[in-house]
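Which chain is which? They are A, B, C and D, in the order written, and residues in each are numbered from 1.
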Amino acid sequence: MATTGYLGPEGTFTHQALINLGIDSEYRPFATVPETLEAARSGVVDAALVPIENSVEGGVSATLDTLARGNGLRITAEVMLPVRFGVYVRPGTAAAQVRRLLTHPHAYAQTREWLIANLPHAEVTEGGSTAAAAVTVADPGSGFDAAICAPIAAERLGLSALAEGVADNPDAVTRFVLVGRPAAVPPPTGADKTTLVAYMYTDRPGGLLEILEQFASRGVNLSRLESRPTKKSLGEYCFSIDADGHLQDPRVAEALLGLHRVCQRVVFLGSYPRADGRRTEIARGASDDDHAAAHEWLRSLQG
Amino acid sequence: MATTGYLGPEGTFTHQALINLGIDSEYRPFATVPETLEAARSGVVDAALVPIENSVEGGVSATLDTLARGNGLRITAEVMLPVRFGVYVRPGTAAAQVRRLLTHPHAYAQTREWLIANLPHAEVTEGGSTAAAAVTVADPGSGFDAAICAPIAAERLGLSALAEGVADNPDAVTRFVLVGRPAAVPPPTGADKTTLVAYMYTDRPGGLLEILEQFASRGVNLSRLESRPTKKSLGEYCFSIDADGHLQDPRVAEALLGLHRVCQRVVFLGSYPRADGRRTEIARGASDDDHAAAHEWLRSLQG
Amino acid sequence: MATTGYLGPEGTFTHQALINLGIDSEYRPFATVPETLEAARSGVVDAALVPIENSVEGGVSATLDTLARGNGLRITAEVMLPVRFGVYVRPGTAAAQVRRLLTHPHAYAQTREWLIANLPHAEVTEGGSTAAAAVTVADPGSGFDAAICAPIAAERLGLSALAEGVADNPDAVTRFVLVGRPAAVPPPTGADKTTLVAYMYTDRPGGLLEILEQFASRGVNLSRLESRPTKKSLGEYCFSIDADGHLQDPRVAEALLGLHRVCQRVVFLGSYPRADGRRTEIARGASDDDHAAAHEWLRSLQG
Amino acid sequence: MATTGYLGPEGTFTHQALINLGIDSEYRPFATVPETLEAARSGVVDAALVPIENSVEGGVSATLDTLARGNGLRITAEVMLPVRFGVYVRPGTAAAQVRRLLTHPHAYAQTREWLIANLPHAEVTEGGSTAAAAVTVADPGSGFDAAICAPIAAERLGLSALAEGVADNPDAVTRFVLVGRPAAVPPPTGADKTTLVAYMYTDRPGGLLEILEQFASRGVNLSRLESRPTKKSLGEYCFSIDADGHLQDPRVAEALLGLHRVCQRVVFLGSYPRADGRRTEIARGASDDDHAAAHEWLRSLQG
């Protein structure tokens, strides 16, 4: 049976997202994003699920940066999961008894206002994951009274909810991607995304403008654009990009050709169906038929 | 033997340009640009030479507009000819005797300052061609004393030069194009031009910007861009364009594909060697190798 | 009483346009566009009316080039006149008797198809103006049987119409501009045009793109853009431009500032009400209020 | 005496950067970036120093996001500090004895390769700051054997260096900004930076292209551009931007005016001298003189 790795430990939002994705596979947690992705790259697992973007916190650096290195991994699917934090305690603990609270920095960042309003006297400690926080809190000798974590973690450990839905932004969503070794790209569905990373030439001012024009001139819309440092020198960036459409769409293929020419390097990270199923809107002149007609005309000229 | 038509009558600059071009062919003059080009289109002649652009007067409307209609004609060569106007008279006529002078409106426009300075009292009449003016002046009963025309016309008719090199702008140059029925495009030489006409969608503001970006994003330089009315309504234009490079150059081919998609109509008028032999400068990322590498990469992704 | 010059002689379309404009002024014809404009510049007349653009023939080179030189003239009004050519003869001449026909090259170009269909055997001679052609034809000893000219010319000379409305394109329109010495620019009406000429730096590839972006980035639409040779060397162009809006509109003023910086030279030729009265559409962020708000914000930052 | 807040506790890189900045002031550590900045905003301290960007980790989200909210804070200076991580232990601890190591996630991310190569068996725990890790390790009863932290932290606590300069990327640099309440912007030095945040209209595709063009069309170079989620919905971004130049430079002022018009909101975060003192290169047409000349010309037209 196939095995899918995920950013663990058990009880994380990634674990929940993997369950939602419903792949017929065994699940295996890994401690960090790089380890999860390395397991997929080396074949220890068949695929790996990691968070890539959060509507509040932004891009997940470890995921973006590991993928950006271009080690041949490909995204084959995406999942969206609403962020549903709760404050969980050992059964019997009352709100007034919560002195020390454990969570993960991202979870803390997304519940800060609720905590100030509702548990102003709790001392917050940031640990490595919300799931690990739940495990720690489940231990009466841990010195911690409460964890902010996902419902799935609390449920698995028998913790009680002091409050649920405590995210400051109730609409917060996290997006996860399923990553595997390069294989055939999933066929176009008409509602696809293409993810890539573009490295600019450093001696080319206006490079980002040029990158954006490669998409704009083909009528390809971008749904995400994030700068990431190349880790060489301050101010040297690459761009992590999600474009509407599929590698097999002529307008996307041609934009990729253009990118390859104006960029120092382009890392293709996959074309895959959008989680929301929204079909790509196609501008006049950008359809497959428009491309076919243009190519037919060009061939007629070239003889 | 082949026959080449030209904008006549005998003795025009076009006639001189055709001689300079040195085609092994019979020459046949036609009265107007449309008639000359129609003769090439219908096969009455094998090719036709017409002026397309003058450094002082600008584009030759009759040529641009006849070609823009897209009747299948193709440019296969260009010739540049310095404009060398002279004032010619019947032998024995002195400058002081020049009362009535005959020429063509374009020649008049290019010698006006010289005439004001040197023949201020001459009454100037504009006729249909400088060569016809020379023929008229050669007839002592014509009532005209002098013609402004090309040396070739005066020479053929035995006229004497009152003054030569009288163009107000001594660097004026006229460019001529040799036009024929569509056949194999001449192979690329590395120093080529591609001529085309782009018709914008009228309901697309910013259309010209979009057209220019199709070239700019492929690193294709334009050496000529002229607006011409589409003859439908005021303010509705098409653009007559010369681009550096050849239909077989991938960067030009891709720009044409893009144009075909964003324009209402594109008329391809030929790729042919530049008269000045200046090789095309190729920007980083725009070379044939860059295109080949991009296509190879794309194929590797598409599997 | 004021005097308005116009491109004569009496009976031209320009004469008709001047009558339509209805200025309380004496009218005075001049032989050529440069002479008409020079009369306005030097104060011989108070203003001058000349054709600038024809929906079939395109820009009127003599007008564009004389204005482009930047001798301080300003456009203060525009007039549109439908082109209504007729074939006129001396009373008593029948169609079958028309052997030699006289007209102006532009008129010939716009009636060629009609002539081929209706007077296929007439020999056409091109002269200096349609009005002069009418004068010549009115003389029974001229050797010409018919003139293609404006109704006004025929009427003044007592010629009879053999046919009227013979333009190949029944919708052809000519646009005329009233030009005077620089004075206060007419106040904005909300339905204005601004005319200018932009000279690019010759060593700045992509200069036209840059010019267009100065307008586009301010949301200013262009209703006319024509390239004109600078008369220096082949391929060196300036651009004659009509922009929607008025010098006092902040978006137009800012576009002019930008043009002045990126161009070698900009010649401002006036802001004046549109003949068609169509109000300028203003994009989001481009209104006077948007500009005022931006300036207020900037001032608040600059302290 | 003035007080400057900083991201504490004592012994952080921010502390070191503040010492390097050499402000004559008392220093006061705060626990988190939002608290540090809030102290500056509310007047609890006169200014605050926080990290904003790391050459390896990228932008510091807490800083970018707190400033992006536009609570009126202004950056008045920047400091660069090379990242010099070391592994520090209580005196007497040998490398072989290091079982449990404590550090901050960012420090861990930047020393991972060194740790795998040199301390492969150490279990790494991520805590809230490198300085706090040092404090913990200084306590023999803490259960931790080593900390990865800044030299300043180790020195203050009497820890011994097991290894120094252990960053995987020896050129890593962190950039800090000094932030205070809005006051007069420091005067231009010719080597300045302007920091701002631009929020796009969500219904304006191509908005980023438009933002970049506002800078490009004025010849203003960007040294940093980072997307940050607006925390509303996935895929809704604002852009944190560093532009070369100063609010008082006309090209920067005009770009800000343009941004204000095309963006939903622009947050100006200050103009201040560059830490590296590199003077701004100014493109042709973008200098103060070019702007002054353009304005003078416009005024002469507007009368």
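Everything that follows uses one rule, which is that a contact is a pair of C-beta atoms (placed from the backbone, for glycine too) under 8 Å apart; a residue touches a chain by one contact, two chains touch by 3 or more.
All of these numbers come straight from a predicted model, not from anything done at the bench.
Using the contact threshold fixed earlier, the set of chains in contact with both chain B and chain C is empty. The pair A-B is the one among A-B, B-C or A-D whose contacts match those of C-D for more than half of the residue pairs.
The distance from the centre of chain A to the centre of chain D, each centre being the mean of the chain's C-alpha atoms, comes to 24 Å. Averaging Cα coordinates per chain places chain A and chain B 58 Å apart.
Remark: chain B and chain D have CA centroids separated by 59 Å (rounded to whole angstrom). Contact with two or more other chains is made by residues 213 of chain C. The touching residues of chain A, when paired with chain D in their complex, are 34, 53-58, 61-62, 80, 105, 109, 112, 125-128, 169, 171-173, 175, 205-206, 208-209, 212-213, 216, 221-229, 231-237. Interface residues of chain A, counted against chain B in their complex, comprise 184-185, 201, 210, 213-214, 217-218, 247-248, 253-254, 256-258, 260-262, 266, 268, 284-286, 290-291, 293-295, 297-298, 301-303.
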